[in-house]
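When the chains are written out, they are named A, B, C and D in that same order, and each has its own residue count from 1.
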Amino acid sequence: MTSLLDRYGYMLWMREFELACLEGVPTREIHGELHTGIGQEAIAAGFVGSLRADDALCSTHRNHLHAIAKGVDMRAMLAEIFERETGLCGGYGGHMHLMDPKLKFSATGIVGAGVPVALGHAYAARLKNSDSVAVAVIGDGAVNTGAFHEAMNLAGVLQLPLIVVVENNEWAISVPFGASSPTATVAERASAWAASGVKVDGNDVEKVAAAFDEAVAKARSGGGPSLIEASCYRFRGHFEGDADTYRSQQEKDERRQIDPLTITRARILERALATEEQLVGMETSVRSALREMLAHVRAEPHPLGEHATRHVFVEAGR
Amino acid sequence: MRNLNLSQCIAEAINLEMERDDRVLVIGEDVGVQGGVFGATRGLQKAYGSLRVLDTPISETAIAGMGVGLAMEGYRPILEIMFVDFMGVCLDQIYNAIAKNHYMSGGAVRMPIVIKTAGGCIGSGAQHSQCLWGTFAHLPGLKVVAPSNPYDAKGLMASAIESDDPVVFIEHKKLLLTRAEDFSFGADVPAERYTIPLGKAAVVRAGTDLTLATISGTVLPAIAAAERLDAEGVSVEVIDLRSVVPLDVDTVAESVNRTGRLLVVDEDYLSFGLSAELVTRVIESKARVNHFLRHAVPDVPIPGALSLENAIVPSEESIFTAAKELSRRV
Amino acid sequence: MTSLLDRYGYMLWMREFELACLEGVPTREIHGELHTGIGQEAIAAGFVGSLRADDALCSTHRNHLHAIAKGVDMRAMLAEIFERETGLCGGYGGHMHLMDPKLKFSATGIVGAGVPVALGHAYAARLKNSDSVAVAVIGDGAVNTGAFHEAMNLAGVLQLPLIVVVENNEWAISVPFGASSPTATVAERASAWAASGVKVDGNDVEKVAAAFDEAVAKARSGGGPSLIEASCYRFRGHFEGDADTYRSQQEKDERRQIDPLTITRARILERALATEEQLVGMETSVRSALREMLAHVRAEPHPLGEHATRHVFVEAGR
Amino acid sequence: MRNLNLSQCIAEAINLEMERDDRVLVIGEDVGVQGGVFGATRGLQKAYGSLRVLDTPISETAIAGMGVGLAMEGYRPILEIMFVDFMGVCLDQIYNAIAKNHYMSGGAVRMPIVIKTAGGCIGSGAQHSQCLWGTFAHLPGLKVVAPSNPYDAKGLMASAIESDDPVVFIEHKKLLLTRAEDFSFGADVPAERYTIPLGKAAVVRAGTDLTLATISGTVLPAIAAAERLDAEGVSVEVIDLRSVVPLDVDTVAESVNRTGRLLVVDEDYLSFGLSAELVTRVIESKARVNHFLRHAVPDVPIPGALSLENAIVPSEESIFTAAKELSRRV
C-alpha cells in the first residue's frame, strides 16, 4: 500500500519537475508548446501503487506527471524535454512524445489518440492471458473525439482491461467543459460503452487512488473497462505562452487556491503522518534533487544534426 | 504602414468576407472566444456572434462533416483544423466528401469550403510540424494555398472564401508568429478588401542565373539566401508559388527558360510531393531545364529537438548551399 | 396524415425499385457493390409524411429507399444506378452516391460519414432560425464509428434538430450486432449524447412512423436530437454478389418470413382499408410502372467518356 | 500448377507467417468468420482462433490504434482496412503513430505492422476505387507495397509481415477477383513459404525501345499492350515496381539508360504522386532519359458510371496509345 506520505512525495516530485520544465521556456531550451500538469498532481499521484511495470499507460500532450507515476526515469524525461541527446527518446520525440517501451509508457500529441493505443495494450493482456491492464489518461476535451468512442466501444464489447482516466480540468484550451459535453459529467456516459463510470474529486489523492485501484482490480479480474472522471483545474495556461484570457482572473485566482499539494500536506499534518519539519525536509530535498538534475541535464549535449535521418526505418528504406 | 502581423491579416480578410456575405461562417476549436490559437480569427465572434463563429468540441470529423452539410445549405463555411497535422482524424470528410461531392453529383452540389489550418516547423516535433500540402494536392478536388507574407495572406484568404471550390488554406505557424515589420516583402497591407487570384505565382525577386521556386515559410529565407548569393555572383530569381493546386507552372517555366536551372525548395516532405511534381511539369512544359535540384525535408518525421529539426528543414543557410551547388553544376 | 395505404404504396415502389435494380447486376449494367434495402422498407416508408422538402436526409451505401421516401425522382435514381447520362448525378456518382441538393438528399459510401453531414444541415436550421430538421439514416454498424459519436455529441451540446435513425438489421456485413455493440440496444446509449432514444419494431411501418414523427416534431420545436433504433432484417446479401455464408440458412429463411410488406398488407385487409382486388391492382400498377421505367432507363445513353474530366472544380483547377 | 487466385495466395502467406510466429495477428472488419470480403484471410480464424483473428466493429481508428498498442507489446499485427478509400477515417493513427513511433522514440519502439487493404478501380465510384499509394508514400515511415500477381502477392506479403517496419499493403480489387489462370505471369505459386524482398522491382518483360514502369493492377494490361506494340515494331520493357516505398529507381534507371524512354503508368492520381517522383528520381540518377511520359488518372475522382471510369483509368488500350506516342517522340 502506498502511503499518503509517499503520494505526497510523488506530488512534490511532479510539481518540482514541472517547475523545472518551466525554466526551459524563456531560455529557449524548450521549443514547441510545453504543457504542464501543475495543479493536477493528485490524479497521477493517485495511480501510484496500483500499476505494475507490465501495465500500460498511454498519455497525452500533458504527460509528464503520468510518466512519473509510471516510474519513467525523470532525468531521461527532463533531458528529452530539454532536447538533449541523453533524453528518453534521444531528442527525437520531444516533450509531447515521451515513450518508454520497457515500462509500456507512451504519449501522443493528438487529442484522443492514446485511447485506441491503450486498447491495443488491453487486448495484448487478453492475448497473453495475463492480468495486466491498460490505462489511458485523457483530458475532458478528448471525450468528444471519435477515437475515444471507438476504443471505448471495443473495450466494452470485448470487456477488456482498459481504464480511461479523464482529467476534467474543465477546459480544453479555451472551450469550457459545458460547451463540449452534452452531459453534466463524463462518468454518466460510461454505460453507453458498458463500462463502469465514476467521478471523483481529483484534488483528493486518496479518493483518486481508491477509485483507480478499484478500477484496476476490476480490470485485472476480468471485470472489463472503467471510466474515471477526476475533477481538477489547470493552474497555468494551456501551454507556456498561452495568454489564457478566456478564463477570468477571478476564476483562476479562486481555483488555484485549491492546490492538491496544500490539501495533501494539510491532511498529513492533521493525521500526524509526518511533522512539519519532516515535510519541509522532504520538500527541500526534492527541490534540490531536481535543481541538481536540471543542472546535469543542461550540461548534456544536444543531439547531432547529422543524426536526424536515423530511425525512420529499421531496415533500408526510401 | 499598418504593421499588422499575418494572423491579423487573415482575421481581417475573413472579417471583410463575413461582412459582405452572410453565408460565410467560421467553425472550429478555439476560433471564437479565443479568436484562434494564433489569433487568426480574432474579433470575429464579437462581431458576428457565436452562431456564425462557432467554438466546437475537439471533434474534427464533426467539424468537417458539418461543413459539408452547411455547404449543401448554401453556406460558405471556413473550417478551422488547428494544425494540419490533425487532418488524419478527419481526412475522410475532406477527401471523400468535400473534395468529391461536386464531381459525384455531376456538378449539382458545390462545396465552397475553406479548410483553414496551420502548418510548418517551429520546434514542435513530429505531430505538430508538418506541412502536408503534398498530401492534399494529390487528392483531386482540393485547391491548396499557402501564403508567404501578410499581404498575400489577406488577399489569398479573400479569394479562398470567395471560391466556389474547396480550398485547403495552410498558414505557416512561424509566419503567423512573425511581426509584419520583420517581413522583407508583403508587410504593407491595405485596410480595404482585395483579392489575389488563386493559382498565380509571384516572382518575388528577379534573377538571371537560377530559378528558385518555393512556397510558404521558405520564401523569406529563400530571398535572404538569394541576396547572399548575389555576392557570390549568382543571380537568383525567387518565385513564390502561393498555391500548390493550382500550380502555376507557366510562371516557373518561363523563368527556367531564361535561367536554365531550377531549384525547388519545399518544407514539406521531399518524396511524392510538390518538388517532383513541379520539376516534372516544368520539364513537360518543354522549358529548357539544364539542371534542377530539390531541397526539402528528406523523408524524415520532424524531430523533437531543435538541433535535429534544424538539420533537416530548409533554412536560409541550407537554401544558400543548395542554390550555390546547383549554380555550379555543369 | 399519411395513410397506411399510402405507406404500403411507398413500400411497393421501394420493393419494386430494388427488384429492378437487381436486374442490372447479372447483366453488368450496374458495377460495384450494389446494396439493396429489400426487407427494410417499413423504416423508410415510416418517414413519409413527416419530412418537408427543406428537411435534410443523409443516407448510406444502402440508400435507395431513403431517397424514395424523401421524394427523389425515381427515374433519375434508376438511371443513375444504371449508369446513364440521364441519371440523378449524370452518372458521376453511381448507386452509392445519390444526391439531390434541391431535396437536401445525399448519400455516402463511407460508413458513419453521413451523420456529421446531417449535423451540418441541422446547424443550418439553427442559423436560419427555421424549424427544418435533419435526418441521418445509418446501419447498426455505423454506431461504432467515431463520426457518429462526434456528430451526436455536438448535436447534444447544441441541442440541434438532428434525428439519427439506426436501421438495426443485426448485421454489419458478417459481423453480428452483438459482436459490435456493448449494449443490448442502440437506443439505450442515447443519453450519452443528451438525445432521446427509442427502439421500435422496424417491420411495423406505423410504429416507425409514430416514433419518427414524434422525433421530428420534437426537433422542430427545439427539443433537440433523437436516436431511433428500428429493428429489421436484411433479406439479401450485404451486396449483390455476397455469398452471405456468415448467416445460417435457417436464420435467413425464418427471418425473411417476417416481411414488412406482407405485414402491412395483412393489416390493411384486416382493417378493411382496401380490398384484396384494390391491393392487387396497386401492386400490378406499381410493378408495371417500374417495368416501364426500367425499359426507358435502359434505352438511355451512357455518359460520354470524354466528359469524365468535368466537374472536378467549379473554377479552373489543377 | 495449383491455380490459386490472388486472395488465396495472400491468405496462404498470412497462414504460413501465423504458423511460424505466434505474434502475428489479424485484426479488422469481416476478416474472421467471413475470411475477408475478398477472401484474403480465409481459413485463418478457423486455424488460429478468434483472438488471433479478430472481427471488429466498424471502427478503423480503434483498429489502427490497437495495432500500435499491440506492436508495443511485441505483437506483429496485420490490420485490415477493407478498402484503401476508408483510410481517411484512421489516417491519424497510421501517419502520426504507426509511421512515426520508431522515429519519435529514437529507435526504441518498433512498429512491425502490416496495413492490409484493397485498392483499385472496379466500377465502384469515387469512394471505393482509389489507389492512394501516393498518399502513403509521401508520409515518411511507411513502406508501401502493391503486388501485381499471385506469386508476388504471396512472397511480398510474407516479407511485409516479417518486416520490422510498418508496411501498407495494397491489394488490387480487380486482381483479387481474377482467377490465377487468367494471369499471364506469376500464376504458379509454390505451396511452401518464400519471400520477395521489399523494394526490388521486377523486369516482367524485356525490351529495348521503351521502359514502361508501373505497379499493381496496370502491370497485366501493360504487358498486353507491350505485346501488341511488338507488332508495331516497338520493343517495350515492362517493369513491375512492386513497391512505391522503397522505390527501386536503380532497376528503372538501368533500363531507361538502355531505352532512353520512360513511360510511367499509374492507376493512382497523376499529380503529386508516383509518376512525378519516379520520373524525377530517374533523371536525378543521371540515367539518359530522352523522353518520358506519365499516364495516370488525370486528377479526377473515380466516376460512378463505367463508361466514365474507362475513360480515365489506364487500360491496355490507353497504355498502348501512350506507349506508341512516346515511342515516336523525337
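FYI, contacts are C-beta pairs under 8 Å (C-beta built on N, C-alpha and C of every residue); 3 or more make two chains touch, one makes a residue touch a chain.
From a predicted model like this one, the values you see are computed outputs, not experimental measurements.
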Shared touching partners of subunit C and subunit D are A, B
Chain at maximum distance from subunit C, centres defined as averaged CA atoms: A
Averaging only over C-alpha atoms, locate the centres of subunit B and subunit D and give their separation in whole Å. 31
Could you grab the centroid distance between subunit A and subunit C? Build each centroid from C-alpha atoms only and quote it in angstrom. 45
Measuring from the mean C-alpha position of subunit A to the mean C-alpha position of subunit D, what distance in angstrom results? 40
Centre-of-Cα separation between subunit B and subunit A, whole angstrom: 35
Subunit B residues touching 2+ other chains are 56-57, 59, 61, 85-86, 88-89, 92-93, 96, 103-104, 125-127, 140-141, 245, 247, 271, 299-301, 303-304
At least two other chains touched by the same residue of subunit C: list those residues. 87, 89, 91-94, 97, 108-110, 113, 144-147, 150, 153-154, 157, 179-181, 312, 317-318
Okay, in this complex, where on subunit C does subunit A touch? 144-150, 153-154, 156-157, 179-183, 188-189, 191-195
The residues of subunit D that touch subunit B in their complex are 61, 85-96, 99-100, 103-104, 125-127, 134-135, 137-141, 244-245, 247, 269, 271-277, 279-281, 283-284, 292, 294, 299-301, 303-304
In the complex with subunit A, residue positions of subunit B that touch it: 29-30, 32-34, 37, 55-59, 61, 85-86, 88-89, 122-128, 271, 298-301, 303-312
Counting only contacts in the complex, subunit D reaches subunit A at residues 25, 51-52, 54, 56-57, 59-62, 64-75, 77, 89, 92-93, 96-97, 101-110, 140-141, 143, 163-165, 198-199, 245-247
In their shared complex, subunit D is touched by residues of subunit C numbered 31-33, 80, 83-85, 87, 89, 91-97, 108-113, 141-142, 144-147, 172-175, 179-181, 245-246, 302-309, 312, 317-318
